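Okay, handing you the structure first.
Letters A, B, C, D, E and F name the chains as they come in the text, with residue numbers starting at 1 for each one.
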Amino acid sequence: MAKTALVISAHSADFVWRCGGAIALHEEKGYDVTVICLSYGERGESAKLWKNPGMTLEKVKTERRKEAENAAKALDVTDIQFFDLGDYPLVVDQDAKFKLVDVIRKVQPEFMLSHSKWDPYNTDHMYATQVAIEARMIAQAWGHNPGEKILGAPQLYLFEPHQTEQMEWKPDVFLDISPVWEKKWAAIQCMEGQEHLWHFYKNVAENRGNHFMRNSGGQASGRKSTHAEGFQSVFPRTVDEL
Amino acid sequence: MAKTALVISAHSADFVWRCGGAIALHEEKGYDVTVICLSYGERGESAKLWKNPGMTLEKVKTERRKEAENAAKALDVTDIQFFDLGDYPLVVDQDAKFKLVDVIRKVQPEFMLSHSKWDPYNTDHMYATQVAIEARMIAQAWGHNPGEKILGAPQLYLFEPHQTEQMEWKPDVFLDISPVWEKKWAAIQCMEGQEHLWHFYKNVAENRGNHFMRNSGGQASGRKSTHAEGFQSVFPRTVDEL
Amino acid sequence: MAKTALVISAHSADFVWRCGGAIALHEEKGYDVTVICLSYGERGESAKLWKNPGMTLEKVKTERRKEAENAAKALDVTDIQFFDLGDYPLVVDQDAKFKLVDVIRKVQPEFMLSHSKWDPYNTDHMYATQVAIEARMIAQAWGHNPGEKILGAPQLYLFEPHQTEQMEWKPDVFLDISPVWEKKWAAIQCMEGQEHLWHFYKNVAENRGNHFMRNSGGQASGRKSTHAEGFQSVFPRTVDEL
Amino acid sequence: MAKTALVISAHSADFVWRCGGAIALHEEKGYDVTVICLSYGERGESAKLWKNPGMTLEKVKTERRKEAENAAKALDVTDIQFFDLGDYPLVVDQDAKFKLVDVIRKVQPEFMLSHSKWDPYNTDHMYATQVAIEARMIAQAWGHNPGEKILGAPQLYLFEPHQTEQMEWKPDVFLDISPVWEKKWAAIQCMEGQEHLWHFYKNVAENRGNHFMRNSGGQASGRKSTHAEGFQSVFPRTVDEL
Amino acid sequence: MAKTALVISAHSADFVWRCGGAIALHEEKGYDVTVICLSYGERGESAKLWKNPGMTLEKVKTERRKEAENAAKALDVTDIQFFDLGDYPLVVDQDAKFKLVDVIRKVQPEFMLSHSKWDPYNTDHMYATQVAIEARMIAQAWGHNPGEKILGAPQLYLFEPHQTEQMEWKPDVFLDISPVWEKKWAAIQCMEGQEHLWHFYKNVAENRGNHFMRNSGGQASGRKSTHAEGFQSVFPRTVDEL
Amino acid sequence: MAKTALVISAHSADFVWRCGGAIALHEEKGYDVTVICLSYGERGESAKLWKNPGMTLEKVKTERRKEAENAAKALDVTDIQFFDLGDYPLVVDQDAKFKLVDVIRKVQPEFMLSHSKWDPYNTDHMYATQVAIEARMIAQAWGHNPGEKILGAPQLYLFEPHQTEQMEWKPDVFLDISPVWEKKWAAIQCMEGQEHLWHFYKNVAENRGNHFMRNSGGQASGRKSTHAEGFQSVFPRTVDEL
């Protein structure tokens, strides 16, 4: 049985910028990674599309979905699901929450990925994380759909937001994504509507590579890493060796 | 070459309560663990001894050293060093700091262990950590005793203080010490002058075992652990897999 | 007129582990303590029951209610009320909120007790506290059911969660529950479905007793306390003497 | 075109105590300031009125509105709008949220003002800020009512709550309101139902004047300021000179 | 035997503004209160005096001492001691630290009072608190001057700094000083060199009186208090009743 | 009289990476900027040099000084001073502290720049800031070298550290350095011993430019900025307009 991971993305592009490398890397390691896009970011994160004449909500959603599917393909995503719950604001009602629980239980992820806990620029982001935490809890309940296989205690990693310090986000783990950088770069370029962010996230990946080297030994024995991604853990780890 | 670890303990008993399990466990795994006791805790942590008539500072130090050596033996510590810098307050001058750097460089630890960053009950504890951070930095400097092998970037774990919440200490990793609990329990019992703490730290170890299980899967798939220790990381980790 | 206190418990067992000592102690002092269980914890905190064949939601709720009533009896609780609002997730709508306000106003508590403000393992817990804070505010409003006696400004104490450090909970008061420990221990043993927690909370009570002694004088004049409970105050105290 | 500013006030008196000086000052500078009162504070902040016999919710609302309008006049407010959404608790549904977005877009404020992020005494206050942040985000979305002029990135200032330290509120900017203090004082006196607060907020203004002087040079070159108001910024500033 | 309290004041005027009410009140209750002024504030807090022609350090110290003694008298202080350690910066060497320990042990205070933990405007203030915490610890050590009566675990209250929010100071207890306000006001007026602060601290006392009423019941049953002082506790309390 | 600014840099290269743009920009605006390098970073930040055979401390210092002087020239620095206090660890004794006070008083800066308050990788950095805060306070004391012109209350900006989130650094102001980017880039290239950082800080500047645009209006009206620097303010601002 393949190991699995689950990404909960508020808008359909977030998984690319924020954990595209983690996805591609774990797929290479044999994981099956499922991505859930709670919305398309159709209202709030598609400025470029809306500047076109005659644009409609449906057209934007179609376009955004296409971009996300292309990016998912570039990253070798096993499964991508679109919940289409609307954005700005994203609203997850009880039914959608339970649908999310169903997916979590089906996937039985080794770890989950979602947004930072605070984001004054984008309340959808922090709301998605709140929902992720709540759904994880429900998935652990023996009395929720009794008989189903319940969830263990997967780590929830918070991926990198756009302005880390304003979001009170502090990475406690850096993942070396050098081996799959080309895949992430290809996925980024699928996001045609947000070209202004390509270069930004290339810089982020390079600088996190520098941080990786610093924290793995620096000038002395720091392992070479050209690109990396940072994550903040919500829960403590359990280990047999420090 | 054996892997190595280094414990920096403000007083001669701290390493037992706070990371005795980690020491014994890593020794079993083939690590060479060095323990540095900056002081004997002779003035401030030896109440029981001082209640004896005719007690002197030298006698207390001798007694404390004996207890610490016995505990170290029980934990299979590779090397224990007593810096005898005095306590309440502990004072580490430039020479002592450089001596500590020498040990760090010689040991070249995979990871280091010291106290919480804040402790209003015991300023020696937080001071020891401040010194550990500073000495780690100096040990990384190419221009400090040029020619010596410089230090990489070992993790610094902060071990569990006596009142975690008051010390603003939050564990992000739980280590299963079930396999070596008997060794830790034997080491604890070497601390004859602080018998009132034996039961307390037994409870701590058991309850951290419960936390270990919760965080490794809980009722669903939580791995059995009867005893554990918690640690707070100062630096982010660098990994190839989440 | 007896003094009164009010406990707002997300699930029907929380009041036992987290403030059973405070309840029994204040009942002994002549307080009338009311406990409100917002849910039975029937879905999320009844794993053991659900492992029995043929279990249903109603059976679990009946069983959980029985256990809670037995525990309440063991603690001499004056009044226990079950709101039966469902768990995992707990949902408190406007009507339930106003019903809670009614109870608060009727009880006119000297102090209130509820959960920690943050709990990523259990969103019901932090949600219960959010509701408690909101209901306390409504109960203070002169324009809510005008003519009723409005609420003063009772302290809201947050009782001890299962993993204190992960919940960002910091106790600022320790209550000596040594005189009523036997009652709390009896109440704990009423929780047959969660036997795995009995020993854990016995350890907690003992170790908080140690903290009580440390903070009341330590080796010098620390008052003997074999068992204690910790609480975090939400509001500042008002006093005539420090 | 006049510059503009927008105040989002949970109850109809908040804008007076907390940013009356900022309003009057910016009106003098040529700004058009719009004030939105989400509720009248009719249930929770009108104790004095409710003590009158025969009082009804409508009478209280009428009275509170009159007071607010008088205060707005004293401050030269350009536009004051009453959303009448109810208080204790304040509830802002999707429609009201979008109505707020409409106003934000129409006003196109240079900056916005609302409450502190945390307030355990008054959940309406922190809820209003949460709504303000969310509405600001929606107003920036190209896909919300496409064709309308979207919002830029106005600063959101959090004005001073009643007990600053309990609300975790920290001012990062002091505004000298000495030139308009008489207007603020007149506006304060319009709040007949809360006379017990007049003197309190006079003291606050004077002491913030002292803080203004301290931070502008103190004994050396501190600029004279008899009255000031403090604000906490949510977002970083963008400047061409430090 | 009278109960006792100890104030550790960085400069010779701090005890007046920040805890003059607490001193006078506890003296009225029969406490013996000792005040230690670590310095006179002769360099940094005597601007008005330095503006006089021909002023010297000795003259400033003499004047400051006289003011402090007068204020102490107005507050019925039992004992005031001047350590004369210099200010801006205050430096407490090992000898001075041990002298402070001697006083602490002699006084055996029920509680201690000192400055906030952080103060970027005045490093002497936070340094004084750091020293107070360290000296309290040394005073508890059985091995420090063996044979002396060691210290128990008195609370350390941090009194109100000049700009509370900038100093990260949060009061958790308000003390009603209405009965002794006239004494505090008289003491304040002894500080002739800092007349610009008289009115400021009168406002503070009045507004803290308002906070006292809010937190003791507000509009419903809030106890009348015209003047109060706020304090932040460093350690948890130990109680027999919540 | 030209306006002035003062940079306090722990090691001789810090001012380049962290605020080179601010320096060049303010020089263009007519400010006179003074840079103080407390050390050369000769032991800890000169790895590349130390890898050369026959290297000595003096040679490293000479080389580092040359690089810093070249960079200062590229940035149009008015005055650069080398205190040569040693690094890893940096130690600033009373004399050096007073020498720093002398410079601060002579420069009378509009604002000061130094390091983040916390840096577990580099204690010299946080120590430099601690000294900067203390020296600023002493410079304000009327009794320090009476007769000299005392300091007002200049803002202290903390410039960007190498790993912002680990240093608990949060920028509250972004400065557009696009007009002087070429100068900063030239200065960066003077740092021949740390070529591995050139690209990193180019990325930082570009990404901060993106943040500048986001916070000045984003897709709607965000002002173009290709490069920026971020700063964290220690003290609140005092303004006449929000």
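By definition in this document, a contact is a pair of C-beta atoms (placed from the backbone, for glycine too) under 8 Å apart; a residue touches a chain by one contact, two chains touch by 3 or more.
Molecules present, by chain and UniProt name: A, B, C, D, E, F = N-acetylglucosaminylphosphatidylinositol deacetylase family protein.
Note that the structure is a prediction, hence the values are computed from the model and not measured.
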Check every other chain and keep only those touching both chain C and chain F; list them. A, B, D, E
Shared chain contacts [chain A and chain B, defined touch]: C, F
Far-end chain from chain E, centres as C-alpha averages: A
Just how far, in Å, is the C-alpha centre of chain C from the one of chain A? 37
Chain A to chain E: how many Å between their CA centres? 52
Quick check on chain C: which residues sit in contact with 2+ other chains? 47, 121, 140, 142, 166, 171, 211, 214, 219, 230, 235-236
Pairs of chains in contact (touch as defined earlier), listed by label: A-B, A-C, A-D, A-F, B-C, B-E, B-F, C-D, C-E, D-E, D-F, E-F
Would you tell me which residues of chain D are touching chain C in their complex? 42-44, 46-47, 50-51, 55, 57, 60, 87-89, 91, 120-124, 166
Residue ranges of chain D touching chain A (in the complex, touch as defined): 94, 97, 130, 133-134, 137-138, 140-144, 146, 156, 234-236
Write out the stretch or stretches of chain B touching chain A in their complex. 5, 22, 25-26, 29, 110-111, 140, 142, 150-153, 155, 157, 171-176, 211-212, 214-223, 225, 228, 230-231, 233, 235-242
Flag every residue of chain A that touches chain F in the complex, lowest number first. 47, 121, 162-166, 168-171, 199-200, 203-204, 206-207, 210-211, 214, 219, 230
